[in-house]
Every structure is written in structure tokens, then in C-alpha cells.
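Here come two complexes built around chain A, the first alongside chain B, the second alongside chain C.
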Partner chain A sequence: MAHHPEPQLKDADRRRLGAGARSFGWTAIVVGVVALIAAALLAKMGDGGLERFGFAYVLNYAYFLSISLGALCIVLVTHIFRASWVVVIRRIAEVMAANMPVMAVLFIPILLYVLMGDGMLYPWAAKKFDNPSAGGHHASVETHETQIVTVSTEPAAEEHGGHQAAHAVEGDAAHAEVGLAASRDAHHGELVDVLVPGKRPYLTRSFFTARWVFYLVLWSGLGLFFLKTSTAQESGGDKAKLTRKMEVLAAPGTLLFALTITFAAFDLVMSLDPVWFSTMWGVYFFAGSMMGAFATLILALMALQRFGYVPSVSAEHYHDLGKLLFTFVFFWGYIAFSQFMLIWYANLPETNYWFELRGITSEAGSPYIAGWTCVAWVLLFGHLLIPFAGLLSRWIKRSRKLLAFWAIWLLVMHWVDHWWVVMPHYASPAVTFGPVEVLCLIGVGGVAIGGAVLCATRQGLIAAGDPRLGESLSYGNI
Partner chain B sequence: MAQDPSTIESATGSEQILHGVIAEFETVNDVMHAAKKTRDEGFKHWDVHSPFPIHGIDAAIGIRPTILPWIVLICGLTGMCAGLVLAIGTMATDFDVPGLPGAAAPIHGYTFMISGKPFNSLPAYIPVVFELTILLSAFGAVFGMLLLNRLPKLYNPLLKSVNFRRSTADRFFIEVQARDRRFDQDKTAKFLEGLGAVSVELIED
Partner chain C sequence: MATITTQHEMDRPLVDNTIDDPTQRAQLVLGGNDFTTVTDKVTGIAAGKPPIGWWIAFALALSLLTMLGALIGYLFTTGVGVWGNNQPVSWGFPIINFVFWVGIGHAGTLISAILFLFRQNWRTAINRFAEAMTIFAVMCAGLFPGIHVGRPWLAYWLAPVPNQMGMWPQFRSPLLWDVFAVGTYATVSLLFWYVGMVPDLATLRDRCKNKYGQMAYGLFSLGWTGSSRHWHRYEKAYLLLAALATPLVLSVHSVVSFDFAVAQLPGWHTTIFPPYFVAGAIYGGFAMVITLAVPARYILGLRDLITDRHIENCCKVMLGTGMIVAYAYSIEFFVAWYSGHHYEKYAFLNRALGPYQWAYGTMIFCNIIGPQILWFKWCRRNVFTIMFAAMCVNVGMWFERFVIVVTSLHRDFLPSSWAMFKPTWVDIGMLVGSFGLFFTFFLLFCKFLPVIAMAEIKTVMPQAHDIVHEPGEPYNPDEDQADYRPDHPITDREGR
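Right after this comes the complex of A and B.
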């Protein structure tokens, strides 16, 4: 174009977060730790035991991990595309992604549950599977056939997935239904015993630990690399060379990211039921992660601008973030439906049990059609159809208030999604929501957000050394 | 090739119908400035021609928001309904048309039994409904855009101008059409020249 002067950062753009943010970060971490201790004590003193605390913790850990992972993907992919529009807002995504060491510390409780919980959260981690003589695969299948018959007449067997089924529905009339649910649960429990030995090479405590050490080291390494390299551009490094370095690493980084997020989603959430499997699970987790990360990014930028930071972020940048938020609202729906349809069509007992447990079944009179069914409807409308219509128009994405509204709405829905995915393994048809879940949300969230805020105070809030900064500042949608 | 506006009149054949005036500008800044002035002058039938998209030119021309999104929405909803009618109609209908002479005319879907599902199974129809929604939305977007732009246009009087050829290379043009109510051959030409045009040319239809 003609002789436009290169747009410059305003002075306020270079302002860093100060002492107020530092004390906010530490406060959040302290509040988080206190909330986690309170949640554990509350659960231990009777409100569901340590088991409930474990599930509530996994739920909230998955929620905040997904947001950091989504941010990491934003950083990786925009480097591959050499996207210039993103430069002004990329530092916030870099900070969210560089929060991985905090997420690694937060993973320790889950690791303790796996190593010492004897299958409390993850049935495959039970010690009974350690002894290879406890039943070869074929022998188990035979006993399994006969057991199903006996099991179906038994009342509430204490098996995974329906622990509290018996307490869920009260009254004599409901007893027959509870019996049905209990027999389903028991049947599924039998399948766990039959199928886990076959999945042992993958689902072992030691391999699980090794995998998670690998994931967390890799993600921390990638997150910190991009933050440090981007910061080095501001402090006198060779800007073009450093950008090139980040672009070169972004390509293999994306590949590793795609593989690790897929397997991490399998390990963290899917293996809560070691019988169930869905090859789309990794993409499902990823789709939600990206949506959560864009919503968080939008809200973080708006919060910073409220306090006078990063004034150069304009409606054009929000418009693009809104478009991407809209994209992943729909992508989540597309993937969620595809996953559902394949399992619905095949209608195999060991896979459709997962949906049955979550209240999705067309079987008349099924006891599972209860609270989780309502949550599933809430997800269909609240996570897909309503925000799809709500984010469709251009002017909505350019209006700060409306975009903030939808970002908050979708972060809530993202949590409901994880809640609906994780908690039915603790109890179904009963819906579990109470102080333990809320305290875990505050706990994991406090530590994660506090860590991110402290990380954000250590450098400027805009990648001021990026060679494409000028392009980003003058960026406009046609 | 720059023409003096005073010679324009003599160059106009009496038999010809006037299409409008084009003014040539050298830089983006010039044409942006001129476009804003032209917009503020109240012209309706005019346009800017540029070799590449210019950021902010929409506002400078004062283009009103397009109705294309509404066309796409209506097409998409039509596709959605068509998909539902197609899927449910062919698979799961089973009723008689009342009021016909003789035996009632039965309308039956195929009612294929597929892996034990109910005949009317919405999850199985969603892919059809989704694809038809997308197809008709895309048709609405592409053909609606062509229609609103009156494309394809096989003849455009501007192409008679030799100067105008540079609008695909390195020059920027403002075209004011004669059908505009505020158009006046002399005054408009003078006005455009006053905006810093390097040449002003009268175009016959």
C-alpha cells in the first residue's frame, strides 16, 4: 500500500502488571489451596468420601488443563500460519500456555489416586489386576457368560459407575427400576474385569505415570519455549531469527501436541471407564479445549483493558476471536454428534452404556432417564444451538458486552460438559453437585488462575518484539 | 490522456446516452479522501474501482450493510426443512390421504428396519439435514452474491476507456453514474477534478 506510517504501540500497551496483580495471584493460590483442603475434608467427613473428592478433582483439573492446552494450540497454530492479526493478543495466550508447570503440580493428587487409590477413580488401577494369574483373557470370558445371568437377578452390586444407584430413587415402585440399573452397572463391572486384563499393556499404573510425566514435561517445555522466545524478541534478540525459530518448532510441536492431547484425553477422562472407548474422544476433548481457551482469552483481554492495559487491542481483534469462538462452538457440536451417532448406530452394550449412564437412552422406563438426561439437553441447547445462533451475526462479535456474555456462557457450558462427562462415573442416575464440586472448582481454578497471573506479571502484556506487530496493530476485517 | 473538462461536451455525440463520469486518482489516500467527499455530496449511484481491496473503503463509500446474510439464513432454513421432509417423508410416513375418491390413497415411507432403530430416528437424519442446510446456504451465498452484484455482466461501458484499464494495475477510479439524481455533466466533472483527480473522463453507454 501507499505510505502509511507504521502504527506504533501506545505507552499504556507497554505497561506491565504490578504489585496489585502479584498480590491477586498469590491470594488466588492461597484461596485455591484452602478450598481444596476444605473440599477434601468435607468429602472425607461423609459427603461422598475421598472418592467423590477424586472425581470432583479430576473434573476440574480436566477443565483447567483443557483451557491451557487450547491456548498452547492457539500459539502453535498461529505460528505455523504466520498469522499477523494475532500478534497483539498472543502474549496472553502464551502466558496461558506457559502455565503448564502449575498444571503439572496440580496433577499430583490424581497421580496419588492412581498409584495408591486401588482403582478408586480409575478401575484399571486396582491392585487385583496386577496378578497375571488372576485370569487369562479366555478364561474370564467364559466365566463372564455365566455370571451375567446370575448378576442380573442380584440387587445393587457395588460396582463402578452406579455406586449410589440404590440411594438415588426411593420408594417401592422405583425399586424394580433401580434393580435394572444395578444389573446394568453390575454387568458393566463384569466387563471391566474381563476387558481390563486385555488392555493392561497400556492401562498400568507405571505406564500411566510415565506417559503423564512425558505429556507434562513436553507441554511445559513448549509453553515456556514460546513465552521465553517471544520475550527475548523484546529484549534485543534478532527478531526475525527468533520468529523463524518459533515457526520452525511450531510444526513438529503441533504434531506432538495433537498426539499428546489425544492420549491425555484417553488417559484422564476416557479411562475412567476402562471398557468404553471412542476414537473420537481426543477430538471431542480438543474441540472443547479450543472453545474454552478462546472464551478465556476474550475475557482475560477485556479484564486487562478494564484496568487500562493493552489499549491497542481493538474490535477487529475481538471480532476474529469471536469468529474462532463461534467456529469451535460448532466444531464441538459436530464432533459430539458424530461420536454419539456412531455409538447410537452400532448400539453395542459396552459402548452405549457410557451414554446410558449419562441419561441418553430411548429405552422406555429406563431409570437412567433422570437428572443427567436434563444435563444432556442443556448441553445440546446451551453448548451448541443457542450460542450458535447467538454468535452468528457480525455485530454481536464486534460488541464487547455481547461477546463477553457469550464467552462467560460458554465457559460455564464447558464446565457443564466436563461435569456431565466425569461425574456419572461417581453416581448415576443421581446427579452429584454440591459444595465438594464447587470447592474443587475454586481450588483448582484459584491455583491455575493465580499461577497464570503471576506468570503474566513477569513480562509485558504484548509481544512488542514481534516483527509483525505493525500489521497486527493496523489489522482490519473487510 | 488527461482531458480538459471543457472539451468534454464537444466530444459527446448527441446520439449517445451518457453513462457517467470517471475520475482517475494516483494514490490510495487520494481516492479515500475523494470517496469520502463524494459520499458526503449525497451521490447514490457511484463506485470506487481499485486494483486491490482497500481497508476502510466500505465506510468511505458509505456502503450500507448487505442483505446477503438474510438470504443465506433463509436458504439454510429452507435446506433444513427440505432435509427433514425428505428424510421423514421417505423413511417414516404412513398415512392415508383423506377425501380422495375410492380407496384412500396411501402415503407410505420405505420404513426400512435398520439395526432395530425406530423408523423415525432423528439422529440418522441429521447428516442429511445438515448437508442440505449447508448446500442451500452455500448456494444462497454464491448465487445471492452474484445476483446482488448483477453478475455476470457481459458488457460494461467503463471498459471503453483506455485510461480505465489502469484500474487493474496502478490507478484508482471513482465512477459517478449519470442515472444519479444529483448528476450533472459539468458540475460533477468539475467536482471530481476539484478532489485531486489526475484525469476526468466522460463515458458513453
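Right after this comes the complex of A and C.
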């Protein structure tokens, strides 16, 4: 019996994005820049000032960065596993990952906030922070004395009195009363005073800048390497050799990726509150990133297919993408639950206040049980339980309409997750949502998506030179 | 157990299937085997007389098991004071051994469930004995908390049995969650292993010449005839069990990690514990898979079925999970410093530089430094370097639990309550004895049950796919890719 004929790409699979896409890309970038300027002006003119703009910007930057990082991870890991199912759809992930130079440009405003040195966004970036004696009563780094850290927030000062008293008797510590959190005054006021001196070598403006230059250069390098190498397979390179090159680089690349995404998550989000720490934080950020990237990948493929591109992407590919989307819904829930449960169960004041600020507290009558509490419930159901049930069935993952619905739903939830993580540092228990956040979403999103679309126009939309293309076109799910 | 390797087989050049060629998939069954020779090889192990090596190993394992039994008797009649456990290290060897053995089991579930869902077809050669390993490892694990309860005749109180005393277990204790997690895990693993074995048990039944063997295999093969309906039900059940077992890979060791992480003790209370424990479990489990598979493929003559590529893939998985463990160690250390928390910092410095630095050093060398040789391909192909790395991890993962349990407890908050932990001879004897328990069962499994999933491995052979060979026609591997495609598309390309 003869071989099955090797499946081939259709002509339409080789179609490239044309002038329409280019003008869409540029329009998105222009709209994005205008939206960002509008958001900044709006914020400056009263709606929270530049501080609010900064938080809204970090929130949206983290959101879009996470999606690009997730895509980079998809590319890296599928090379390690010599996966063939992914070949037909990998180019889109490659483009999303190769968008890193745009994300590097988008990082500049955050860098400016840090370098300004007033600690508006990152309290540790304040110039006053540089001088340990400024705070007066702090232990110096050399003494290695315990820093007992308590939360004091203006609206809740009374309620937290009990906590502080409890700490006062504990240990031989110098006290650092941290007025992080809730009110804006806390950010500007005593916060600059209250440092955890041990972190000073890590949380400095110059080291932060150096780290981010390293991260962004590394991610850009990896993203562009995989896109360029994969494109070179189509333009006559030795296909097998180029694939091997990518596979070999993917292993150390993943290692570097894991470390950089972790520290980037610490720097970008966790250090908004220089006191709080969680070893799980990098994994938490990663879990959401992967989910966001799969959801984006699904929607990008469907959008392209609407315009007649990549017709060879079949229900099998969507089925697999849907399974992985489901996997990371579950994985995010597992990580988020573990992080929450362990902090809640041990109930240590230096970490549990982070959840209190986000509306999760069992303290009766706490002023924090308010808007953010509702958001936390929305996350539990909307980010985990409902999509878990929704994506469970096979036919849903194979139905384009339903899969698109869940991808959009989860992208919204991914944003809500970042919102719930970032914005309580700006204000809690008050929930901040308004035109500034929306304009920043449009702004960062416009530039990021516009950049990705422009990047996508420069090569074919399917990694047509991959030696495993045939397998990718012909496999099927059970 | 008949010696399977013939002179002819020893002479023929071994095909190197570890070469990574993106243009074709490597063959997973070598040596020109067809369905018949695969069945012959695997059933031959169960039907033949065991070689002398098996008898020696079995005698050794059985004596260790006997020693374990004697020590348990001594423990029951004397009390847990025969162990080194005492304040402040009230959790000594028993919990270390428990976590160690539960961890070993995880590789079996990962191979049988997660790699199945990931369509990693190379798993078919090693999944059967990896699953068996899971069952026996969970038995060893379950033993330790069971005999640690102090009054073992009341161990059933761990289960929430309705009773007239109105007495219930402490549901807020992660130790109770362990009872549920490990109980579920043992049940599902056993079912998965058994269900997967039914077609192969039927093969043994059909080939068995001994009356008692026929009865036993017949009983357990549940009347399997190999009809299409049987296969259909079987595949469905297998897929469902794989999907059920997958979250268990995460949940069991996460719950085990909660035993430590819900406490407020520095060194235990850290949020990364659940995924870190899971990765460590798979790491240790794969080391055990390699430890068993590498000798087994030589002794049982299975080198064509468990090929160099299988071993290389196991090495890669081990390296990958090892890097996750290294990541967790690093992040733990960094965050202990970053927290600025006096006790956190002390706990970690004490691990690295305190009185147990030898244990910490052993852990770092065995888990992080030694296995790095597996980055090099020649080390993944040389039996000595492979076994060196696997042995490193076996030792290292035990020491990891030792470091977590002992160094965190022995110096907690108040220096006045600090003390050193010293294991007694009973502690050490029981650890060694637990290997006796494990290997006794494993050797019995090797003798009496199909060590390789015959029905599954046949699906990854090219004969199962695109080409139909005329009888007697020599198989030419170049004719087609040897890749496993168990599931040809059953839908139209366009959509549903």
C-alpha cells in the first residue's frame, strides 16, 4: 500500500498581509499614541494626576507585555518538544513574540517615572529612598535587624491599630511602619520614609534600568531570532539545519526566559509595593501570560481566517489551542489559589495585607470589604470556575464561535486580573476605573497591536519552510 | 525468565535512533521487531524461568523487607521513641521518607497520563513499569504516616468515619488533606495501571501453559476477547482515566507541600512550594524510572523496545524538571533575602552555612550540579553518566526533604529551643527497609506481569499504520515515517 500523499499548503496559505494591514497597523499606532496623550492630559487635568496615569499605564503595559512573553514561551517550548501540531500556527506566535522591540519602546514612560525619582509609581524609586538616614529611625543595612512591617492606611488606621500593637512586642526589631497602600497620601507621604533597607541594593533606579535593558534586549533578541530563523527556512535555507538551530537554542532560551519573566514580574508589578513578597509571584505572572497568549493566538488566527488568510488552520489546531487555553485557565487557578491559600492560612501581617488591600479579609467590618472584594469574586468565578466548565467539552473547543467567545472572555479576565493586582496600590478600598484606564488600554494596546500587525506584514503567515509542516497539516485529535 | 537476547541480536549493529532529524520521526521500536516478536519478548519474561540475577535481587529485597517488618514490630511494641524524632524536630525520617516516596510515584503518573495527553508516543515503552513503580512507591509512602500515628491500631481515625463518639478528624489540618489526596492518588493510579493492563493480561492468559497461571490471568483479564467493542470501551476508559489522573499529578504533591507551607515556620512557609514540590517529585520520579529502566533493558533483553531514545528522553525530562527545581531553590533564596525578614534570611543562611550544611551541600550538588552533565548529548547516551545523574537525583531528592524538614525545624524562632536532630539506627533501618518493600514488589511485577504495554507499543510501530506488508516481506524502515499517528483525522478539514 502506498503512502498517503503528503498534505500541501493551499495557495491562500501563502498570501501575505497587504497594504490594508499596513494601514491598519499604522492607524492603530497613531490612535494608540493619541489615546496615551489624551489619558495623560486627562489625568493631569485632575482625574488623579500623573500618578493615576502611571498606574493605569503599568497595568496595561503589564497586560500586553504578558501576552508577548506568553507567545515567546509558546515558541520556545514547542521547539523543545519538537512539536509538529503547532507548525501551521507558529508564525503568529513568532510575530507576537518578535513584537518585543515595540514593547521596549512602550517601556520608556515607566522608565521615566522611575528615573524622575519622586517615587510616584514605585515608592522605592524616590530620591529620598537613597539616603537611609533620611528616615531617621530605620535600621541600616549593616545591622541586619528585623524589619517588622505593618500596614497603616489612612481610612483604616483604627482597625489596624491592633495589628501594630501585636508587632510591637515581637522580636528585637526596629519598626518600620509602612504606610503603603490605600490612599494616595500614603504614597507620597511617609512611604518614602519606610523602606525595607535590606532591599536597597536591589531596588535602585540604576539597577532597575539596567535589569530592564537586559530583559528587553534578551526578549527582543530571542523573539527576532526565532522569527528570522523560521522565515529563513522559507527563503531557501537548509530547513532541517535551521530547525535544529532553533531547537538547540530553545533550551537555554527557556532557562533565560524563566528567570527574566520572574524578575520582570517582581520589578514591574510586585515592587509597586516594596514590602510585599511572594516566591510564587513569577509563576503567577507566567500562568496568566500563557493564558493570555493562547487566547490572543486563537483570536488572531480567527481574524486572519475571516479575511481569507491561513485557510489550512483547522478545527484540529483550534482544538489543541483550546485544550492549552483550558490548561492555563486551570494552571492559573492552581497557582492563584496556592498563593492565596498559603498567605491566608499563615496569616502573617507582612504578607496578608496585600490581599486585604484587594478586598480579601475575614476581619469583620473591614473597610476593605468593598469594590475590590467584588473584583476578587469576579476573578474566582470569571477567571477560573466558569471558563473551566465552559471549556471542558470537546465540541466547544472545536466550535470557532464558542472558542472565540471564551478567548475574548478570558482576555477580559486577564485584564481584570492585572487591574486587581496593580490598581489597589493606587487606591483601595476605592475602585479606580475610568477613562484614564480605558484610554491607556487603547493606547498601549494600539501601539502593541499596530506594531505586531506591521511585523506580520513582513513575511508569510505560515511557517511554510518547517520540515514538520506535513505532520501539522495532517494530524488529528482523538 | 528466559534470556531473550540471542547471539544474533548482540551482533547486529544497533540503529541509533537518538539522532534529531526534523525531517522524520525517530523509530521507537528497533531491531526489526514485528508484532509477534514484541509479544514473544514481553510474554517470555513472564512465562519463562527467572534468571539467577532476579533470584539474587529478590532475595536481597525480601531480606530488607523482612528487616522492615521486624523494625515495625519493634516500633509498635516500644513506641515512636525508637526514632530520632523529638522536639524541636518532631518530624524526622518518617515524613522525609513519606515525601520522598510519594514524589517517586509522580513520574509514573506523568508518563501514563500527561505524556499521553501530550501525544508523546515514546511513553508506550516505559509507562507500564513506571505506573507499577507509582503503585509501589505510594505503598512505601503510605506506610510511614501510618506507623507514625503513635497508636497505629487507631490509624483508621484518620478517615472521617461516622462514630458514636462524635469524633472527627481535624479538617483544617493539611495532614488530613494528605489522607484524601494520597488515597485518591493511590486509587486512581491503581485503576489506571490495571485498566491499561487488561489487554496484555489477556495475552498472558492465552499464552500461559500453567493451570494456576491461566486461572489468575483469566480472572484479571475480565473476559477480554479483543473485540472492537472491547477496544472501544477500553480506549474511552483509558482517556478518561488519563484526564482524571492529570490533575492528580499536581494535586498530590501540592497537598504534601501544604503540610509544610501552611505553617508559619521560615523555610516552610513560602508560596512557591506547591509547584516546586510537584517539579521535584517528577524529577525524583524520573530518576527512579531511569534507575530501573537502564538495568532492566539489559537484564530483560528489552533494548529494542526501551531504546536509547527513550532513555535520552527521560534524561531530558529529568534535566528539565531539575531546572525547575533549581529555579525554585534560587527564587526561594532570593526572596528570603528580598523579604528583608530576619527569620526568613536566617533560615536560609542556616541551611547553607549552619550545622547541616553537609546535607545542604549534598542536596545542591546532587540536584543542581551533578545532573547538569545531561545538557551534553554524549552524557545522555552513556550508561555510566546516565546512572551517575540518576543516582545523584535519587540521593539529592531525599536530602532535599531532609533539608526542608530538619533544618527548618531545628532552629526556629527562639534560640533557647534550638536542638540538633540525630536519626537512630531504627530510622536508618526503616529507610533502607522501605527500599526492600519497593523492590520486592517491583521484582514480582517484573516476573509475573507484562512489563511493557504490548498493546500500546504496537500502535507506535510502523506496521500499525500506513503500510500493509506481505507476509515474509522484510520490513524496511525507510518506507515510511515510524511516527505514531493513532488518530487519523476523522473530521473534514474545514471544521467540525
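In the analysis below, the second predicted complex is superposed on the first by the 411 of 478 C-alpha atoms of A that agree within 3 Å, B and C clash if a C-alpha of one lies under 4 Å from a C-alpha of the other, contacts with A are read in each partner's own complex, and residues count from 1 in each chain.
One rule holds for everything that comes next: contacts are C-beta pairs under 8 Å (C-beta built on N, C-alpha and C of every residue); 3 or more make two chains touch, one makes a residue touch a chain.
Small disclaimer: the values here were computed from a predicted structure and weren't measured.
Following superposition onto chain A, is the placement of chain B relative to chain C best described as a clash or a fit?
When both complexes are placed onto chain A, chain B and chain C end up clashing with one another.
Is A:362 contacted by the first partner chain B, the second partner chain C, both or neither?
In the superposition, A:362 touches chain B alone.
Considering only touches as defined above, state whether A:353 meets chain B (first), chain C (second), both or neither.
It touches nothing on chain B or chain C.
After lining up the shared chain so the two structures overlap, which partner does A:345 touch, if you call chain B first and chain C second: first, second, both or neither?
In the superposition, A:345 touches chain B and chain C alike.
Tell me which partner A:286 touches in the superposition: chain B (first), chain C (second), both or neither.
After superposing on A, A:286 lies clear of both chain B and chain C.
Of the partners chain B and chain C, which touch A:393 in the superposed model: first, second, both, neither?
first
For A:226, select first, second, both or neither according to whether it touches chain B, chain C, the two together, or no partner.
Once the two structures are laid over each other on A, A:226 reaches no partner at all.
Does chain B (first) or chain C (second) touch A:64, or do both, or does neither?
The answer is neither, since A:64 touches no partner chain.
Which chain, chain B or chain C, ends up touching more residues of chain A in the combined arrangement?
C
Of the two partner chains, chain B (first) and chain C (second), which one does A:258 touch, if any: first, second, both, or neither?
After superposing on A, A:258 lies in contact with chain C but is clear of chain B.
Can you tell which stretch of chain C collides with chain B among 219-227, 291-299, 399-407 or 417-425?
219-227
Pick out the shared contact residues on chain A: the ones touching chain B in one complex and chain C in the other.
On chain A, the overlap between the chain B and chain C contacts is residues 1, 341, 345-346, 474, 476, 478.
Spell out the residues on chain A that touch chain B in their complex, using ranges where they run on.
Touching chain B: residues 1-2, 337, 340-341, 344-347, 362, 393-394, 474, 476, 478 of chain A.
For the complex, give me every residue of chain A touching chain C.
For chain A paired with chain C, touching residues are 1, 3-4, 80-82, 85, 144-147, 149, 171, 173, 196-199, 202, 239-240, 243-244, 247, 251, 255, 258-259, 262, 266, 277-283, 312, 314-316, 330, 334-335, 338-339, 341-343, 345-346, 348, 350, 398-400, 466-468, 471, 474-478.
Flag every residue of chain B that touches chain A in the complex, lowest number first.
Those in contact with chain A are residues 27-29, 53, 55-56, 58, 69, 115-118, 123-124, 126-127.
Which stretch or stretches of chain C touch chain A in the complex?
20-23, 118-119, 235, 239, 247, 250, 254, 258, 261-264, 269-275, 320, 323, 327-328, 330-332, 335, 337-343, 345, 375, 466-468, 480, 483, 485-491, 493-496
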